[in-house]
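Scroll down for the structure; my scribbles are underneath it.
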Amino acid sequence: MSKRPFPWEDRPKDAVDPIWRYSLNPVMKRNPTSKLSQVYNSSLVPYEDGYIGIFRAEPRDLITKIFLGRSKDGLTFDLDEEPIHFVYEDGRMDDSQYQYDPRLIKIGGTYYIVYCDDFANLASISIGYTKDFKTFIKLAHPFPPDSRNGVLFPQKINGEYLMLYRIADSAAAGDIYLARSKDLRYWGEYSLLMKRTPYGWGKKKIGGGCTPILTKEGWLLIYHGVMDTCNGLIYSIGGAILDKDDPSIVKYRSKAYLLRPERSYETTGHVGNVCFPCSALVDEETGRLAIYYGASDDCICLGFSTIDILLDYIKNN
Amino acid sequence: MSKRPFPWEDRPKDAVDPIWRYSLNPVMKRNPTSKLSQVYNSSLVPYEDGYIGIFRAEPRDLITKIFLGRSKDGLTFDLDEEPIHFVYEDGRMDDSQYQYDPRLIKIGGTYYIVYCDDFANLASISIGYTKDFKTFIKLAHPFPPDSRNGVLFPQKINGEYLMLYRIADSAAAGDIYLARSKDLRYWGEYSLLMKRTPYGWGKKKIGGGCTPILTKEGWLLIYHGVMDTCNGLIYSIGGAILDKDDPSIVKYRSKAYLLRPERSYETTGHVGNVCFPCSALVDEETGRLAIYYGASDDCICLGFSTIDILLDYIKNN
Amino acid sequence: MSKRPFPWEDRPKDAVDPIWRYSLNPVMKRNPTSKLSQVYNSSLVPYEDGYIGIFRAEPRDLITKIFLGRSKDGLTFDLDEEPIHFVYEDGRMDDSQYQYDPRLIKIGGTYYIVYCDDFANLASISIGYTKDFKTFIKLAHPFPPDSRNGVLFPQKINGEYLMLYRIADSAAAGDIYLARSKDLRYWGEYSLLMKRTPYGWGKKKIGGGCTPILTKEGWLLIYHGVMDTCNGLIYSIGGAILDKDDPSIVKYRSKAYLLRPERSYETTGHVGNVCFPCSALVDEETGRLAIYYGASDDCICLGFSTIDILLDYIKNN
Amino acid sequence: MSKRPFPWEDRPKDAVDPIWRYSLNPVMKRNPTSKLSQVYNSSLVPYEDGYIGIFRAEPRDLITKIFLGRSKDGLTFDLDEEPIHFVYEDGRMDDSQYQYDPRLIKIGGTYYIVYCDDFANLASISIGYTKDFKTFIKLAHPFPPDSRNGVLFPQKINGEYLMLYRIADSAAAGDIYLARSKDLRYWGEYSLLMKRTPYGWGKKKIGGGCTPILTKEGWLLIYHGVMDTCNGLIYSIGGAILDKDDPSIVKYRSKAYLLRPERSYETTGHVGNVCFPCSALVDEETGRLAIYYGASDDCICLGFSTIDILLDYIKNN
Amino acid sequence: MSKRPFPWEDRPKDAVDPIWRYSLNPVMKRNPTSKLSQVYNSSLVPYEDGYIGIFRAEPRDLITKIFLGRSKDGLTFDLDEEPIHFVYEDGRMDDSQYQYDPRLIKIGGTYYIVYCDDFANLASISIGYTKDFKTFIKLAHPFPPDSRNGVLFPQKINGEYLMLYRIADSAAAGDIYLARSKDLRYWGEYSLLMKRTPYGWGKKKIGGGCTPILTKEGWLLIYHGVMDTCNGLIYSIGGAILDKDDPSIVKYRSKAYLLRPERSYETTGHVGNVCFPCSALVDEETGRLAIYYGASDDCICLGFSTIDILLDYIKNN
Amino acid sequence: MSKRPFPWEDRPKDAVDPIWRYSLNPVMKRNPTSKLSQVYNSSLVPYEDGYIGIFRAEPRDLITKIFLGRSKDGLTFDLDEEPIHFVYEDGRMDDSQYQYDPRLIKIGGTYYIVYCDDFANLASISIGYTKDFKTFIKLAHPFPPDSRNGVLFPQKINGEYLMLYRIADSAAAGDIYLARSKDLRYWGEYSLLMKRTPYGWGKKKIGGGCTPILTKEGWLLIYHGVMDTCNGLIYSIGGAILDKDDPSIVKYRSKAYLLRPERSYETTGHVGNVCFPCSALVDEETGRLAIYYGASDDCICLGFSTIDILLDYIKNN
């Protein structure tokens, strides 16, 4: 990893939040190509001498798909022309009409893509995987429809995979659950992990964001929270720390948000007032974090922080 | 089973539906005891020289619970004074606040109770079991919340348990899915089994009813369908036949209902216009069926038919 | 018409409403045949030595259709086995999925059927006609979708056909409009005829009922009004008198209903609390009226009155 | 009071609820006169050698008004032909369009009528009074609009009048508050008295019923609770005991209902599944209670109990 | 037309959409006069040596009206001080309270204004006309209320006028219908022209925009589509080509939008995220198009394209 | 007051509205301190040689509180670190979870704070007071829950305090009522003051704003009005003049708004399209007004006008 450039800017002196914005945000703007209208909630992991990622993007029909993309520096991106096409393990072609909010996770030699697509016309968490970024396999609906915001832990814990899970659209939807599996195909032992707060930035709903990051304090969870106002929803970024060995235990959860929409590219656009985190790169040596978040469902933005700053802020707020 | 009396009445000549009503319906009326206000959607299986069942009943606070009950003849019932108390496999007490719509299924030497209770304030399919009807064990949430109308097949098929599954309360809820499991604890490979119909008695929602019955034509499914009118919902009973070896294949599905609310005990009461089937007894020799259905969320009713009549009706309507 | 029997019962002494019920109501009950579940909102006119009518009925799939039926006495009915099939004037088959609430009107030698069916999945007023009750022709959508409760005047007035018109399902729907046409195919000059009342039995919506009856006082309108309660809608029957030469002038409109749901066959059933008038037979010599109304979307009922009683009641209440 | 007949029937042996029904219910049926369609939620107090009461009744336009009525025996009633007309204290005529759910309370030599009418098109608690049942005075809106179910305590406590208060129609409406006043004209010091229950017969809303009855255990509160089902609301009767000196203290509150809709005149009608208590007569010597409740917004019913039975039931359930 | 200046800018090299924006947009900004707060969805046609138009504008009470305006160059506008006042053909004054979204069409020597106003408190398509821009006549409601987005074809086809028609506010509203008339006064033969798309920029509703333009390929339709997001609606511009002789035949329909809100004057304002086309000027010789669209219900914007570019784009996307 | 600086800028020549914006708006921006995310709807009065105010502000959990703040010049502010903590008069601690939209009024030697907080989970008008800005007392709920936008007149009129009152959240909420009290603790004699308008900037709701200002023409009311659009609500500022001696008489009410959201800090932000006035400073000698209004629930803005300009504008528009 030594040669791979890590995207970074030092914290500005006037920063008030524990995550600070890249000075050249957005890193990918509206109309990035003549075929794509917008690219936003996206997820990167280190790959070869740079990064590889899965990008939520909308062609000019505004039907959301996910695209493979590559980056040398984590700041500029080269996306495929065509969206990813999945096949089921038994060879059937995937016939979903849309795909969105991918999270890319490497476990062993396999790259998993946890995302949302349509299942009998309802949003549903799907799991795909690839080993070569050429063939993309999709599991046969391991989750029921009307589910969303799946985020997979990057390793088995006590012999089980763990997934953050949320109901998609029911009036009662809005809390984060934990699901468990031995094989990624059959899931059970659902439990409630974190509820919405009665007031404040996460009172309407909360949901998974970046792949959890293992730290000395436990699993660092960078997630999103939603507040409803008389003029719509506001998506902010929050943080929590889960127990290392039993992530169903929430050790700390910050009452304060880590970042919320403030800049014009965050408050206006396709869906204004949205900061939606989908992945974070970690510089193991320094603990630096490069957090990719979609802004206004219109563009990709980058925020910086460090593991220590976030752990400290979450514990004290 | 020779000595066990099977509840039965022959078909009246003026019957127009393939299921005909017991002439002394309801078999269990409002205020069956001084402690219970109503007993309705309930499920019986043969047991010893009579029957044993799990009954949905509401004490005088009208908070729904499930009770154990016994019957010599399938026509009169003796219910326990106290509702069933479950414990989790790890010994924790179940703290759900309500339970409803139980289905009782014997697989091997174990009696499984698939029912609905509250999980983080949302309706959720739960699985309990007992071997002695004294201790009742509950699995640790094998399904996510906001699920309902779970109906378990009475045997493994190709090494997997199968469960009819439905989303509970989302605006998009209303179709029947199939879920699969190797161990009843982890479920996956969800698939859409049957959709609501665009018009008619099942246009609002459909959901599982009796435990599927294996016949020469395949699995006989007695389920419920719901129609919405300007003055509320109407719950009717419908039928379908699933492939014996691959129950995800719907071989026949009757466009006509099998029974719908008509009598005053079905059209008025706690929740009027409800016929809700939860179990059917089968007389193996004759193919006779005694179908228990809750009426108006107020009482237990009994309908009769035979396997041949239902198979024939479903195939021709 | 001399030989044709007119259905009739004298007014009972204890009658409190200006329309009194037939003592043997309903004249057609649930499950009238083994193929039909219910017959209700229906419309009759004199024909040969008896009556002919178009009946709203639902087969056992509960998808509403309209059927031709005949009656010798106006009290018993003989319905066709198959629903009416329309063809467009250009020969195309009608592909609507449901039809309901027909009104049958004879103008010249032609019998017109004004009813509601689906047009691009929305309820829509349709106009059909027949001369022989064998071939049924349907005009090419003379009204836009989302319309309902069309009632055609039985003659041209000042060279124009007149139709009572109502928006079907919008939140703003609920008032009766008048539409005009020279040829039944193109309609215009829409005007508001009667609004809902702020309170009382017609506060939620009102809509056309029987074909208007020409009297010495003007057009006698027997229509329906709907009240909403916390437990659903109540459909009652009301009356108004329109100017003979300019029916857009409402001369009288009764604040009191003429009939409302009271009997068990009116308050409970498929859709409880519904009295819905669709046609009235007039005995020209005596002014006697036989008013057919659907009850609870389940059965056909008959009420009696006279033109004088209704005119008097409407003018004084 | 010795000569005044008290309506009464002994408890039947098969009674399961602490309130038992009068065997000749309803005491006042639909269409009690040719001018009134229904009389229901009504309130009586002893007067001269019989009883006097304020009755909610709907003329044949179904616009609810309140009427004065008298009874010799508490079982048969003689209602005025015209509804009550109020004048404001400054002489202005009351111009409200509807009035409903009256409670009649005698304090000192004055009879107060606490009821609901329209204030700027919104439901609002109003207070009227009379000394002679000829002139009816109305206070100038002592409460804001969107309030309902006002029930006045029959005496001042610690120098203050007390009123049960409820928000009328907001999504958040449904709990009972207590308001205080020194003069009935200005109200303040609002406090929450009882909340809805999370489940059961009072989970949707609760609201005041009869005027509180002072007993040795405190104030006996006979109130109503509402449960929502997929087919509408169910109104039941509940009970609680408030501290004698500080009625903001709830000493006991029964989890079980005291009575709920079961008979056909309670489950079907204008608004089915409604038992709504508005007043109770007390036989001081014996503690007997004659509880008047409206059934299905269609008729007046009578239930019996005794103070001891209710106190005992409320304390033990 | 030779001397009339045509508003134009060549396509910028970095343009990605087939319609490109005028570099000095908006051409008419907020608060254009001290009496008007905003001017937006407006429609121009050539007139004398310049252009004349009907402008949707809101005075400082924000009640929408339509105003007459003139322009020499299509880039600057001179609006009347007072809104247009219509009279009915029979001389009655128009008493509608608001008017909006006008389309101005010249047929023969008459200028027609198809727009929306209130009819019995509901939005309704109205048709007005003028020959001299001094007297404005309004037809007597040729369409029922709850209709909107009427767009008239600029000539009769097969002896009939054609109008794009849409239901206004029903939950089911959102598709474009075609209505036909021989005289503009009576309309019939409604048919479905184009449905919303299941996903993408037109999934919530679609509706008429500019007057259809006759090209060698057929009628070029520049219309609007609406997408719903969790933070409101997005109005984009789309294109289709209808058959020349039978415009009920959709030959091509672009899956990609032609323009969507991106600039700050389009994404924020009175109603953010709105690009709403109301008219297009055609330069017959060159095929150049100047498309006027309202942005954010706040200002008038101008986009350019050519007939060839649009035809080509619609056929290929 | 002579030495106290009055915030002021002369009217720009291009101003079109009767209130003009401070050229350096907002006077308090997002993230004013590292602890506060936003400060907006706030209220100032003269105090000592400067001003004192109560500020609505949200810490980084976005749970709204009110803070005490001071200003020398009315342009820059120094806020306390901790929010205001109230105690009830009987010494109990206030346990409300949020507080918002304060109005500060000096009557005699006491400073009253009329604001909104939560009462049994519902918004409720509360009244607090302080004499020293160190101890803050709160009255025991003088108003029922589900109330909002309380604005107290700055003096008794005819022996009574007057309060503008509004229902908070009911579907029927949106008009301004007047309530009266002799002691601020008990309120009554509610009356309707001003209704929403059928169309325009105040058609959805209206509510109190600044403390009424006594002028030669009567009470100058600077209030807010809300319009709903398909993309959310728009909050504008309006004006009215109430009779000096009987403020229930509305002498003038401007159909035109006084100011509405136009600048980017008003149209976008936490809740876009909001101008919400909470207080106005008056320069007695000159009649100058400095009007503080929250913009977009994100920042404090300042507008200027004079009493004469506003009176004149309200009377003429």
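Letters A, B, C, D, E and F name the chains as they come in the text, with residue numbers starting at 1 for each one.
Simple rule for what comes next: contacts are C-beta pairs under 8 Å (C-beta built on N, C-alpha and C of every residue); 3 or more make two chains touch, one makes a residue touch a chain.
Keep in mind it's a predicted model, so treat the numbers as computed, not measured.
Undergrad: How many degrees of rotation carry the C-alpha atoms of chain E onto those of chain F, rounded to the nearest 5?
TA: Superposing chain E on chain F takes a rotation of 120 degrees, nearest 5.
Undergrad: When I count C-beta pairs in contact, which pair ends up with more: D-F or A-E?
TA: D-F
Undergrad: Given that chain B and chain C are copies and touch, would you call their interface same or different according to whether over half of its residue numbers are shared?
TA: Different, since most residue numbers here occur in only one copy.
Undergrad: Centroid of chain B to centroid of chain E, CA atoms only: how many Å?
TA: Computed value for the inter-centroid distance: 57 Å.
Undergrad: Quick one: chain A and chain B, Cα centre-to-centre, how many Å?
TA: 40
Undergrad: Using mean CA coordinates as chain centres, what's the gap between chain A and chain C in Å?
TA: That gives a centre separation of 59 Å.
Undergrad: Specify, in ascending order, the residues of chain C that touch 2 or more different other chains.
TA: Each of 231-232, 264, 268, 272-273 in chain C touches at least two other chains.
Undergrad: Name the shape of the chain contact graph, picking from line, ring, star, complete and other.
TA: If you draw each chain as a dot and join those that touch, the picture is no line, ring, star or complete graph.
Undergrad: So which chains end up touching which?
TA: Chain pairs that touch: A-B, A-E, A-F, B-C, B-D, C-D, C-E, D-F, E-F.
Undergrad: Quick check on the complex: what are the chain C residues that touch chain B?
TA: Touch list, chain C to chain B: 30-31, 34, 37, 59-63, 97-98, 231-233, 264, 268-274, 297.
Undergrad: Which of the residues in chain C end up touching chain E in this complex?
TA: Within the complex, chain C contacts chain E at residues 119-122, 139-147, 165, 167-173, 175, 177, 179-182, 185-192, 195.
Undergrad: Which residues, counting only chain E, touch chain A once they are in their complex?
TA: So the residues of chain E in touch with chain A come to 16-17, 197-201, 227, 229-232, 234, 236, 255-257, 260, 262, 264, 267-268, 272-273, 317.
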